[in-house]
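The following pair of complexes shares a single chain, subunit A, combined with subunit B in the former and subunit C in the latter.
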Partner chain A sequence: MALQRASRPVARCVRQSNLLNKRTLATTTIEPGFTDAAPPPPPSAPPSRTRNPLTASTPAAEKQLAQQRQVPVGSRRRRAALASTTQIPFVQLPYQCFQEARAFLREDRQEKLEAIRAQRDKIARLGDQVVVGEQDGEVERRKQREKENRVRSMGRRLAEMKVLADINDPVVKKKFEDGQSDMSKPIYRHLADAKWRSYKRVLLLQRLTQMHVMPDVLPALDPVVSTELAFPTSANSTTSKLRSVHHGDFVPSALAEHAPTLWIQPYDQGTRLCTIVVVNPDVPNVEKDGFDYRCHYLAVNLPVSPTDTRVRLGEVESQRKGDVILDWLPAYAQKGAPYQRMSIIILEQPSPAPTLTSPFGTAAQSRVLDVNQITEDPRYITRQGFKLRSFVDRYSLKAVGADLFRTKWDEGTAGVMQRAGIVGWDVEFLRKRVEPLPYQRMGGERYR
Partner chain B sequence: MSLSYQKAPSTATLACLQSALSSLRISHHAAPAITHITRRNASHQAQGRANGAKDGAGKRLGAKKTGGEYVVPGNILFKQRGTHWFPGDNCFMGRDHTIHAGSPGYVRYYRDPVRHPKRKFIGIVFEKDQSLPQPTHAVRRRQLGMLAYQMPTPPSTEPLPDALTSTVTGSPTKIRDATAVSVRHSSKNPGGLQLSLRPGYQYRQSNYEIGRSGEKKEEAANAQGKTIRAFAKFKPGDRFAAWRKSALRIARNNERKAMGRGGKGGGKKKVA
Partner chain C sequence: MRPPSTALLRAFSPIWRTESLPWTARGCLAQQTAPFSSAEQRMAREKGRLKTDMRITVIRYHMKHPLTPRPLRFSRNRALRHWTIHRAWRLYQSKLRQSRQLELERQYNSMASACEALRLIDSHGLTAEERSRLGEPEVSEGGREVGRLYRIAMRKDEVWKGVPIEYAKIQTDSPPRDGWNHAWTK
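Moving on to the complex of A and B:
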C-alpha cells in the first residue's frame, strides 16, 4: 500500500535510533514509569485482536474497529504513520542534525562536569587550609576574612557552573516549557527565575510603585520570590474552588471573606522561615483626617522552599506549618470610603548569626521567632495602627516578596462585616465640605 | 563725472549694444542673448491670512495661583497647552492639561528628580511650613477629607445568591433573555423559536440552534409517528436500500435527460 510505503523511512529511522543509548544527555533523574513521551499506544495487532482507533488503517481493521463500536481517530494516512512509528520519544527524534548536535552537547557537558568537580575539590582544599599567623592578631583576622571571601565567591562561581552545564540541554528546555521542571535542581530554578523576571516581576513592581505600596507600607522592596494569590469561594479552602487574583486586582468582599491561599516561589536553594503580613494602609480615620494602618493577618515561622510553595493562610496552625499571631480578618471598605489596598508582604527571617554560607549550597538556617515574645508586645497584637516598618526593624526581617489586592464597598460588604462581628457596617463616608475661598470684591470703579 | 564711467553699463545699454552687434554677427548659434535671462522678483503676499494668523486673542494661559497660596479642592492652579507642568502631590490634571487642586492646602511648585528627572510638578501641602518633594522613602502625606455618617437606610445583609460559588449560571442564551424574542410554535417551527439579539443587530437563532433545526424537526415528526426523511436512515451494509436509492437516482437522471435538461452547465443546448 502506498500509505505504508510513504511512512516506511520514518519507521526505519526509529528502529535504528532505538539502538542509541536513551537519555545519554539527560541531566535529570527519571522516576520509574515516567517517559518523555506519552505511553505508546498498543501495537496495531495485539494477541487479543482488539483494534486501536489511533492506529487501525486498513479497511479490514476499520471493520473490526466498527465491530468494537469504536470510531477511527484522524485520517487513514495519520493512523498508518502512527502504527508504523508508535510515538517517538523526543530525544530520539530521527533528525541527523539534531542527533549530532546532541552528541556535541554531550561532550561539552562532560567537560563542564569535570570543571565542576575540580571547583568542588578546590573549595574543599581551601576550606581545609588553616590560616597561619600570630594568635589573635590583626593579620590573622584579615587573612581569615580574605579566605571567607574567596570561598564565597568560589561558591557563587560553582552555582553558575552548575547552571551552565545544563543550560543547552534540549531535554531540559522541553521539560521546562512543558511545565515538568523539578524546582529542586538549579537549572530549572534558573530558568523559572529568568521567566518570572522577564515579565511578571516587572508587572508586580509596576503595581507596587503605581499604587504607592512602597513608600506607604515599606520604604523599599526588591522582590526575589514570586507570589500568586487565590481566594477560596467558600469557607473550606481545601475542598472549595479557588479563584486566582492578579496583582492589584479588586476582589469582591464576599470572596475576600475567607483566608486566601498563597503560592510563594523562591528561586534559591534551601528551606527558609518566612513571616507573612497583610497590611491595609488605607483605613480611614476621621479624627485625624487621614489614614491608619490595620493588620489583617500575621503569621511567623512559615517554612518555604522551592519545592514546597503553597501556604493556605487559613490552615497554617492546623497543618503545623507556622505560628499565627493575628488570624485572617476579612477585607472590607466602608461605603463611600476610597478603595483600600491590601498589601501582602513576605518577610524572610534572618539567619541566627551571619555565618559563612556553605559553598555546596545548603542555605543557612533561618532564626525561629519567639511567638511568646511577639504576643507580649501590644504593638504587634493589635490590628489597628500596626506599623510594619517597626515590626520589620524590631525582628530584623527582610522583605523578599509582595502581593497586592484591593477592596472597596460592594453589596456583600455589610454581610461580611456583620458575620465577622465588625462594627460600623452601617456607616457611610461622605465628603467634607470645604469652605470656598472668600470672593475678593474689586474696587467699585471696575464695574462702572 | 569720473564716478559715472566706473559704473557697470546698465542692462538696457547692453541690450541696445547686443541688438546693434547682432546684424554684424556671422554665426547665429552664439551665446544666449542677455534679454532672455529670466528674473524672479521678490514678491510675497503681505496682507490677509497668508502666513496664518499670529495675532489672535490671548488664551489667558499660565499660573493662576502662586506658590504658597491657599487653595481649596477644584481650584485651577495652572492653565497650559501641553504639559509644561505635571500634577504632583494632591493635585490632578484636567482634560486640557489644566492643573487643579485635589485637597485644601498651600501650593508648591517643585521638581522631583527621583520621580522624574525632567518634569516640573505642582503640588499641595497641608501645612504652611511643609515642603515638596517629600523624602524618597517617607510615607506620603494624605488627607481623608471625609466624614462618617450613619446610613439613612441600612443595607441588606443577606448572603449573595451563589454569586461566587457558581461561575456560570445557566446557558449564555438565558442571560440575554432581556433582548430575546420568541416565535410561537407552528408546523414550520416545532417547539417555537427563541430569537436573541446577535452581533450585527440581528434577531436570530444562535448557530447552535440553527444546526439542530433538522434534528428537532425530525424529533417532532417522530413524535407523531412520521419522519421527514426522504429515505430511511442510512445503514452501512444495507445493500438493498442502497440499490433502491441508486436506482431511483438513475431513473430520475434519465428522466431529466429525456426532458433535454440533462447536460452539464444547465445552459441552452448549442444549435448546429
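Moving on to the complex of A and C:
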C-alpha cells in the first residue's frame, strides 16, 4: 500500500482545490453526474472511522466494514486502486510534461477560436454585401454566383476550423472512445465519420458491389450516411427485443415478417427529409424467364438528423414522422427460387433550387414530397415492377445511403406468406430439365 | 624466399599487446576486486563455469535485438497522456516550420521589393513618377541613368571569392567524361 500512501497527499490537495470540476480545456458540455474519474467515494479516512465499501481494501478495514454491516464492493485490488487513484480527474493529473502539453494545446485552441470568430465575421460581412450591377444582367448573375461560391467555401473552411479547434483535446478523444459522444457537435461527427469510413463503409460498399445492388437497383451509389438494421423478434416492435443484422446477411423469413428498425446516421449538420425504399430486384418471372422488381416498403418525408437517427419502419405513421405509401411486406422467397436481395435505399429529398445555406447551422434545405401526387401515380403504388430509377428521376432524389439483407425459402416462409395473405405459398419453382445434346454416347471405357 | 610476415599476428601476441584495448575488451582485463553482490561470488565459486566474454555478449545483444522498437503498451490514462503530449509536440513542430517558412517568405519579398525599388530609381534616387511630379525633365542624362544601382546589385562578381570554386559544381551521379578542366579561366 505504498502507492496509496504516496499518492494520498496529492489527491487530498487536488480534492481541496475548487478547480476540481472545472474543465479548462474541453468545450464539451458535461452532465452533472459525470466526471472523468470513477464514482467519487467519500474521503478515505474520515474522523468517525466509518469505512467505505468502495475503498476498504485491507483485512482490518474489511473487518470494520463487516462490523458496520456492509459488504465490500468489487475486488480487493479494485478497491485498493480506487482508494489510491480516483480522486484526481484526468486533466489534472500531476505530470509536468502532460500539463505543459495541455497548456500549449489550450493556447492553440484559443487562437483557433479567435480565427473562427474572425471567419464568422468575414462571412457575415460578405453575406451583407449586395451585388450591384444592371438588373437581370449576365454580369450581375455571375457576380452573385461568385459571391455564393465564396460564402459556401468559407463556410466549409469554417466547419473545418471547428473540427480542428477540438481535435487535440484528450477529453474529447476519451469521450468518443467511451461512446459518450454528442453528435450535435462537429468534432464528434467528424470522429464518427472517420471511424465509419475506415471500415464499415468499406464493408458496405463491398457487399453492395459484390451482390450487384449497384447496377441492378441503382446505377451508382455513394453512401454518406451510415445505416444499421435490426429486426424485432415479435410483432410489437417497441417492446420486443431487436436482433441486429449485418449488411447483406441472410435473415430468416420469420424474423423479417415485421418491419425492421433502421438507424440512419448522417454526419453533417441539420435535419433533412428522407425517403426509404426497400426494393427486391430478384422476383422470378416465369413468363419472361427473368427477374422483376418488387417494392416491399416505401415511405417519404422522414426527418433524419445526427442526433435523431432511429426510424422504426412499422411506426412511421403512428408516430407522425413521415408518410408511408407502401407498408411493410414481409420478405419472402418461394421454394426453389434462388435467394433474393432486399436492398434498402435511403434517398435524400433535396430542395429544387439550392438556396444560399447559412454556415451558422440552419438545417439542410429539404423538399416535402406531395403524398397525394405520388399516390395518384399508378407506377409508384404497385409493388410489382417498381422501378426505383424511375422514382428517383421523377422526384429528383439523391441516394445517400443503403443497407442490404437477403432472404431465401426456409421453414417459416410458408407461414409468413399465409399470414400476410400472399398467394403462391405452395408454389415450388423447379429447374427446367436440360435435354442432353443429341450426340452419340461413347462407350464407358474411354472415360476410365 | 622470404618468410611470410607476422605483423598481423602481432595483435594476438601477449608480448605486443598494448594498453589501449577496445572498450568492449576492457572489462575482460580489469578485474573487479570487491564484489558488487553475493551472486557474483557464488557464481565464481561454481567451478567449471565458463565466463562469457563481454564481446560475445555485445554481439549476441545486437543479433537478438531487432531494429524495430517494441510497441508501446500503456494503460488507458497513460496512453491518453502520451497521445496528448505527442499531439502537442507535433503541433509545436508544425508551428515552428510554418513560422520559419513565413520568415523566409518575408525576407524574400523584402529583397524583391528592394530590388524593384533599385530598378526604378535613378542616380538622384527618384523614380520616373516622382520626377514627373516634381517637374524634372524625363531625359536620362549622364548622371541620372535609371537602374544603375540595380544592375550593380545584380552582378555576380566574386560570389565564390571565399569559397572554393569546386563547391559551385552541381553534384552528378557519375564523373564527367572529360574530367576536370584545370586550365579553365573566365
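Heads up, the rule we're going with is that the second predicted complex is superposed on the first by the 379 of 448 C-alpha atoms of A that agree within 3 Å, B and C clash if a C-alpha of one lies under 4 Å from a C-alpha of the other, contacts with A are read in each partner's own complex, and residues count from 1 in each chain.
Methods note: a residue touches a chain if its C-beta (ideal position, glycine included) is under 8 Å from a C-beta of that chain, and two chains touch if they have at least 3 such contacts.
Keep in mind the model is a prediction, meaning the values are calculated, not measured.
Chemist: Looking at the overlay, does A:Arg431 come into contact with subunit B only (first), subunit C only (second), both, or neither?
Modeler: In the superposition, A:Arg431 touches subunit B alone.
Chemist: Have a look at where A:Ala254 lands relative to subunit B and subunit C in the superposition and call it first, second, both or neither.
Modeler: Only subunit B; A:Ala254 stays clear of subunit C.
Chemist: In the overlaid three-chain picture, which partner chain does A:Ala337 touch, first (subunit B) or second (subunit C), both, or neither?
Modeler: After superposition on chain A, A:Ala337 lies in contact with subunit B alone.
Chemist: Which partner does A:Gly421 contact after superposing on A: first (subunit B), second (subunit C), both, neither?
Modeler: neither
Chemist: Tell me the contact category for A:Phe104 with respect to subunit B and subunit C: first, second, both or neither.
Modeler: After superposition on chain A, A:Phe104 lies in contact with subunit C alone.
Chemist: With both complexes overlaid on chain A, does A:Lys174 touch subunit B (first), subunit C (second), both or neither?
Modeler: A:Lys174 contacts subunit C only, not subunit B.
Chemist: In the superposed arrangement, which partner chain does A:Tyr95 touch: subunit B (first), subunit C (second), both, or neither?
Modeler: second
Chemist: Go through the superposed model and pick first if A:Gly412 touches only subunit B, second if only subunit C, both, or neither.
Modeler: first
Chemist: Can you list the subunit B residues touching subunit A in their complex?
Modeler: 70-73, 75, 104, 134, 136-140, 142-151, 154-160, 163-165, 167, 236
Chemist: Subunit B touches which residues of subunit A in the complex?
Modeler: Per the touch definition, subunit A meets subunit B at residues 66, 212, 214-216, 219-220, 233-234, 240-241, 243, 252, 254-255, 284-286, 289-291, 334-337, 411-412, 414-415, 418, 424-432, 434-437.
Chemist: Taking the complex as given, what residues does subunit C use to touch subunit A?
Modeler: 77, 80-81, 83-85, 87-89, 91-92, 95
Chemist: Can you list the residues on subunit A that touch subunit C in the complex?
Modeler: The contact residues of subunit A facing subunit C are 90, 93, 95, 97-98, 100-102, 104-105, 108, 168, 170, 173-174.
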